[in-house]
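Per-chain residue numbering starts at 1, and chain names A, B, C, D and E are given in the order in which the chains are listed.
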Amino acid sequence: MNILSLFVLVPVLTVVGIMFTGGLKGTRIVAVVGMGIQLLLAAWLVFYYLAVKGSGDLNEMILVSDYTWFPSLNIRYTVGVDGISVSLIALTAVVIFAGVFASWGMDYLPREFFITLILLATGVFGFFISLDLFTLFLFYELAVIPMYLLIGIWGSGPKEMAAMKLTLMLMGGSALLLVGLLGLYFYSAPDGGAFTFNILELAKVHMPSGAQRFFFPLTFVGFGVLGALFPFHTWSPDGHASAPTAVSMLHAGVLMKLGAYGCFRVAIFLMPEAASEMAWIFIILTSISVVYGAFGAIMQKDLKYINAYSSVSHVGLILFALLMMNKTAVNGAILQMISHGLMTALFFALIGMIYGRTHTRNIYEMGGLMKVMPFLGVMYLLGGLASLGLPGFSGFVAEMTIFFGAFQHLDLFHRAATILVVSSIVVTAVYVLRAVGIFMLGQIKNKEHLKLQDAKWHEKLSTITLMIGIIGIGVFPLWLSDTILGSLQPFMDRLSAYLH
Amino acid sequence: MTGFQTVLLLRHELLLILAAVGIIIFDLLLPPEKKTRIIHSSTILFGAVFLLSLIPVESGELFGGSFQENRLTGFMKDILNLAVFIIFLQSGGYLRKKENAHKMGEYFALIIFTLTGMDFMISSGDFLTFFIGLETASIPVAGLVAYDQFKSRSAEAGVKLILLSALSSGVLLFGISMIYGATGSIYFTDIAPGISASPLVILGFIFFVSGMGFKISLVPFHLWTADVYEGAPVNVTAYLSVVSKGAAVFIFAIILFTVFKNIIQVWENVLYALAVLTMTIGNLFAIRQDNIKRFLAFSSIAQAGFILLGIMGTGSLGMTTIVYFLLIYVFTNLAAFGVAAAIYEASGVETISGYKGLYATNPRLSLVMMLALFSLAGIPPVAGFFGKFFLFTSAGSQGYFILILIAVANATVSLYYYLLVVKAMFIDKNDQPVSHFKSPLTMRISLLICSLGIFFVGFASGIFEYIMSLSGMLF
Amino acid sequence: MMVGLGVSGYGGEEGLGYMAGMFHLFTHAMFKALLFLTAGSIIHAVHSNYMQDMGGLRKYLPITHITFLVAALAISGIPPFSGFFSKDEILAAAFHSNKLLFYTEYITAGITSFYIFRLYFTIFWGKETRYEHKPHEAPLNMTIPLIFLALASALAGFIPFHDLVSSDMRPFDTNTDLMIALPSVLIGLLGIAGAWILYKKENDIPQRITALLGGLYSATYHKFYIDEIYLFVTKKILFNLVARPIAWFDRHIVDGFMMGMGTVTVKASEKIRKLQSGELQQYAFVYVAGVILFVLTFIYYLGE
Amino acid sequence: MIQGLSIYHFLVVSTLMFFIGIAGFIIRQNLITILLSVELILNSVAINFLVFNRFLYPDQLQGHFFSLFIIGIAAAEASVAIALIINIYRRIHNINADNVNEMKF
Amino acid sequence: MTLPVFMFYLLAAVILLFSVLTIASRRMLRSAVYLLFVLIGTSGLYFLLDYQFLAGVQITLYAGGIVVLIIFSILLTSHISHKFKRPAAWKLWMGLTVLVFGSGTALWVLLLHPFSKNPAVKDVPVDMHLIGNQLLGMGKNGYVLPFELISVLLLAAMVAAIIVAKKEKK
């Protein structure tokens, strides 16, 4: 039994466990235990990975194991992790753990809720450990589809429409992706022999450039839709705004990273030639995403919309950095994935908690909340500061690295795009501080709000878990960035092999 | 070839005929007040037939090549048997209704007779056997479609089916006659070398395709589908959409791969066009349906379009993906129809809007329905995902990536309307949902079988590999 | 307005100016945030937004006082606070590229340090104001971030963020150039000194200078109307002319297009439903017409 | 082989008959007359088979037998169709094709 | 013009004329009778082609069986004197379009196809012996399988007709 498979098995067992328990209490105990084990596993994995790397293991992937699944099509269940996936797994474990606490008080169909939520997490974990494109795609879709039920049943606002839009756009993306993956598969054996879905094998094959030009955009856009690539981002604001707290957390925090990770690991890594040829198109699109998301956030009244647009902007930044295709920028992109994952999960958790108390998310209907709920307020503020890239928080490390990387391109086009993207930081500061100023500071607008309580223990646990991650990365960025950097080498080698 | 071997090769057909005749006789012998016994005894009898015919027999041919039996056809027949068995399990509730009490035996006998026709069709080695098998599989079905005595829709559906099916078999025959004229034989093996892309052959071929397209419901030969599905009793609809269609798809692929292998570029183009039309039109129509049977009719049209992608793959991969998909389709569609039947029998509701709030009252049924819909939409981890993925893989193996692109776009559209049903059951609120009920035991067993199938056929790669090995023997 | 200084860095020498601008943007974000927060804390304590209501607050708000001081020092570019490092690099970059820009930045840096310390002195020193309620330090949850940010502002300059990135490009030379750093620090100190003289104690020097300089003072009193311009820029331009159209564009054009694809599909479905007319004979017609069309098409294209 | 007559003569007759049948299927209002058209169609196909058999491949009787079975199938088809049409008649006392369009869209 | 040729043209004219009349007549019973003529004409063609057995079957089974059945059903479902309305224009147009284009296409294809004449093949006498043997032959060109199968079909069709017609016992 491969230890990585436990990451899929534990959630599945948790789901089964929940099926056989009744009531809210039992359900959440099982969920917490399951996700707690998952968190411990993730922690163990991080340390194990560092230890293995520390001992001089030079393999690209560790803990690789490989089972044949459909021998005639050479479809395999192949798992393995490198520094990047390890960090993303850790991120997922943290976010889902916090998410379970954030949905502690779920009272409508709690069993079904936790089952669906954890099913979604199963997809995410499976995605990050997969090295075979078939299983990867399977888990990818598995991670997307529970969103429909989660938003549709437990959401708020125009949830049916939002859920439908989100699901259809994401599945439309994954439909494009499917074609891209099949393309990779059928060009994987140029000299005859068995086709393969294995990423590591595919990396050894040079796909004809004509085919790359056809399949790269499909793959990139396919993953990009989940990464809220402009103009395919419109599911994001509605979806996030309507989703229940834990789902927003998981979705903005982790699922959007699935898209970015896929763009990196599949689209760019396996089709570098087309990637470098077509990068300019997507650089333009991602630059638009970044700026546009930031500006979009300025005008919003709803806290969730603010954060959703901000996610568009931040994840756009990740894609932007990936397209810069150099070590520094990609490193930054992955740092940003983790940083943003924690940050945005924190935001959504907090928004959920605030909403649970005030029953409004309109910032103009709130004010002076800092006085009534100082813990939540401070956390929100800290999250905001992290989001605008304050040193000491993870956002700073990530964004700085990205800009450094982006800046290494000397030509006018990249330079202009980079400057455009950098300017979004200023806008970020504007919308974060604006929101904080309006609903946290100032006078209390609604007398009812004076009666509100500050965070309960499980809420504190949930937010503090995330905050530790954010500050931890901000203060000690090196271990993470080293972990990632070590794993970027094969990527860089492959790129330079085809580009020069 | 000894007599026993002959019997073994013909095991499916002979057992079925015996069963059908047995049921008719048993039905005659039963006193009127004990007529309902026929339901259980027929089901059990058929179960026995199903199990008995599972004996694996090596390939062989009879009647000078008119009857071809091999492991793959045997397996396909087993799939059909399984499907019919599930349908029998689901039919109990419907047949028990008072107005059907006097003709229950005929129901079983007719389904088995038509199934025999399909089995002969699948195994046929010449166009004559093929055609008579096809007609045996379709003419009596019209009687079944009009089974419901008190619904004018049922009668209307029956007439529509029999007349249009007669027209289509006329066209099909015209095509066969052209092919006979061009090649001088009705035996598949003799025709194959004589086929070339002459206008006469193309004409004959397309007439032939239209006849098959009628059975499989390919656009533009599909128009009967929705009306007939809507009018027929649910179980008959299930039979039409799963068994009848499955058998036709199978033999269609075989004929394309063997008889018309010389004009592969012609039929790939024809199928290309048909696939695009079928998927798109099927989906567009499915969006607006409220009647669940009509909805499933259009959805099954769209699914037929996807199956064509599998055929495009040609060879053993194509064949495997088709059979595999059909197996999954049996579980998936029968689960959906089973739920529809259960709900209809308990409450008379057969509209999607009537399903609103179903989860609150009948959670299990809604879950099974959701599983089935997700499987139809091709959502992992249920089997439909694997089925559809492999169909696409099959088309991809011949480089039809644009077609796959069209197909996946259609799959996304189809997801929309499948989700509409899920939405009705799980999300929408309803003041008067279908009240809680307990469906008959056989129905529950059938749904259990279907759910298990939906869950495990995908993961259990052994099944796919087994089919692969079977079709590997042929191509 | 320090952003202006940061932005000018873009035009600087290849690499250095850009990097410096970035760096400054970050340190700036930090101490600017700190300033915002201290302002919040002060307002919380005094219940007023106006500077004339404040004075001598250092006794009541010790933590706010110190943190504000840190932010002010950082923004003035006094070593070892973070602003020093980043500003120094910008100046270095400007020095290498554009002398005019360089000197302008010297001057604006001086003015910055002047006005920020004017603020500091009037609020925390200056006249003793009588308060209706005795001002008190904000609760812990507000002060902790202050302290945290202050520490960060103080120390961020030392974050070796060039090393965070083991870039495969050449590392930037970030050594402090004494010839550039020294004047800048001096100018910063000059600004502080000016503010000290004018505003530390309540006195009439400002009034006298006002009289002396007349119009110029009234312009600077309004900070060259920069706050008004700032407001105009953010409210009118940024919000109304950029953000609002973008939000509109997003809702109606981009999202409208995505939703439109769905609507078109549904519309198409509505349009073609007549095809399924229920008429037996129309079905037959479509069937046969389909067959004939297929025959003609494929004989035309594929026949031998 | 008949002197002075080629296969084409016969094929023209059968083809025209086939399409007349189809036209009748589409034009006639009455379900039973539609059934008559179907018989025309089947009959024309039977002629086709026989003609091909006689003129082109007379050493075997494949077309001949095919025609024979077509007649049998036509009988089966007609009997079921008539049963169904009478069934309709019992229900709506009318066998107009225009009246069997309850299900649509 | 030899007698067979004359007979052919006569039969062809009869067949086509009555085919058209079958679908054009506005009285149902007449339609059926015209169909009967068509079928008899067809059996004439079969005689011409030297397929006497099939011609016989055509007359007895087709003309004698099916058409009689149809006539019965006509009598059952409508009044003899009933005269139809003219067909709706759109149906007429659809039908004529199909007729013109369909037969045009098919004839174009058929007439241009060079059907190879195989002079080496002699006319095989079609005697009853051969037909009987082949109909029950088990090997290639034996038709026992379709023969058995069609019996299943006829049985099934009978059952189908019964369940449609069967009424509930009171």
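FYI, a residue touches a chain if its C-beta (ideal position, glycine included) is under 8 Å from a C-beta of that chain, and two chains touch if they have at least 3 such contacts.
Since we're looking at a predicted model, the values are computed, not measured.
J.: In how few steps can one go from chain B to chain E if every step must land on a touching chain?
T.: Steps on the shortest route: 1.
J.: Which chains, if any, touch chain A and chain D both?
T.: A chain counts here if it touches both chain A and chain D, which gives B, C.
J.: Can you pull out the chain pair that has more C-beta pairs in contact than any other?
T.: Among the chain pairs, D-E has the highest number of C-beta contacts.
J.: What is the chain whose Cα centroid lies farthest from the Cα centroid of chain D?
T.: Greatest centre separation from chain D goes to chain C.
J.: Centre to centre, using CA atoms, which chain is the farthest one from chain B?
T.: The chain farthest from chain B, judged by C-alpha centres, is C.
J.: Could you grab the centroid distance between chain A and chain E? Build each centroid from C-alpha atoms only and quote it in angstrom.
T.: 70
J.: Just how far, in Å, is the C-alpha centre of chain D from the one of chain B?
T.: 27
J.: In whole angstrom, what separates the CA-based centres of chain B and chain C?
T.: Chain centroid spacing, chain B to chain C, equals 65 Å.
J.: Starting from the mean Cα coordinates of chain A and chain C, work out the distance between those two points in Å.
T.: Chain A and chain C have C-alpha centres separated by 26 Å.
J.: Would you give the residues of chain E that are in contact with at least 2 other chains, written as numbers and ranges?
T.: Touching at least two other chains: 91, 94-95, 98, 102, 105-106, 109-110, 115, 141, 143, 146, 150, 153, 157, 160-161, 164.
J.: In chain B, which residues are in touch with two or more of the other chains?
T.: 128, 132, 135, 139-140, 142-143, 146, 158-160, 163, 167, 171, 181, 198-199, 203, 226-227, 288, 416
J.: Two or more other chains touching the same residue: where does that happen in chain A?
T.: Each of 168 in chain A touches at least two other chains.
J.: Determine which chains touch and list them pairwise.
T.: Going through each pair of chains, those in contact are A-B, A-C, B-C, B-D, B-E, C-D, C-E, D-E.
J.: Can you tell me which positions in chain D touch chain C when the two form their complex?
T.: Contacts found on chain D: 22, 25-27, 34, 97-98, 100-105.
J.: Give every residue of chain B touching chain A within the complex, in rising order.
T.: Interface residues on chain B, with respect to chain A: 320, 374, 379-381, 385, 389-390, 392-393, 396-397, 399, 401, 404-405, 408-409, 411-412, 415-416, 419, 422-423, 426-427, 461, 464-465, 468.
J.: Inside the complex, what are the residues of chain D that reach chain E?
T.: Residue list for chain D touching chain E: 1-5, 7-13, 15-30, 32-33, 35-37, 39-40, 43, 46-47, 50-51, 54-62, 64-65, 67-69, 71-80, 82-87, 89, 95, 98.
J.: Quick check on the complex: what are the chain C residues that touch chain E?
T.: Interface residues on chain C, with respect to chain E: 281-282, 285, 288-289, 292, 295-296, 299.
J.: Under the stated contact criterion, what part of chain E meets chain B in this complex?
T.: 105-106, 109-110, 112-113, 115, 137-146, 149-150, 152-153, 155-157, 159-164, 166, 168-169
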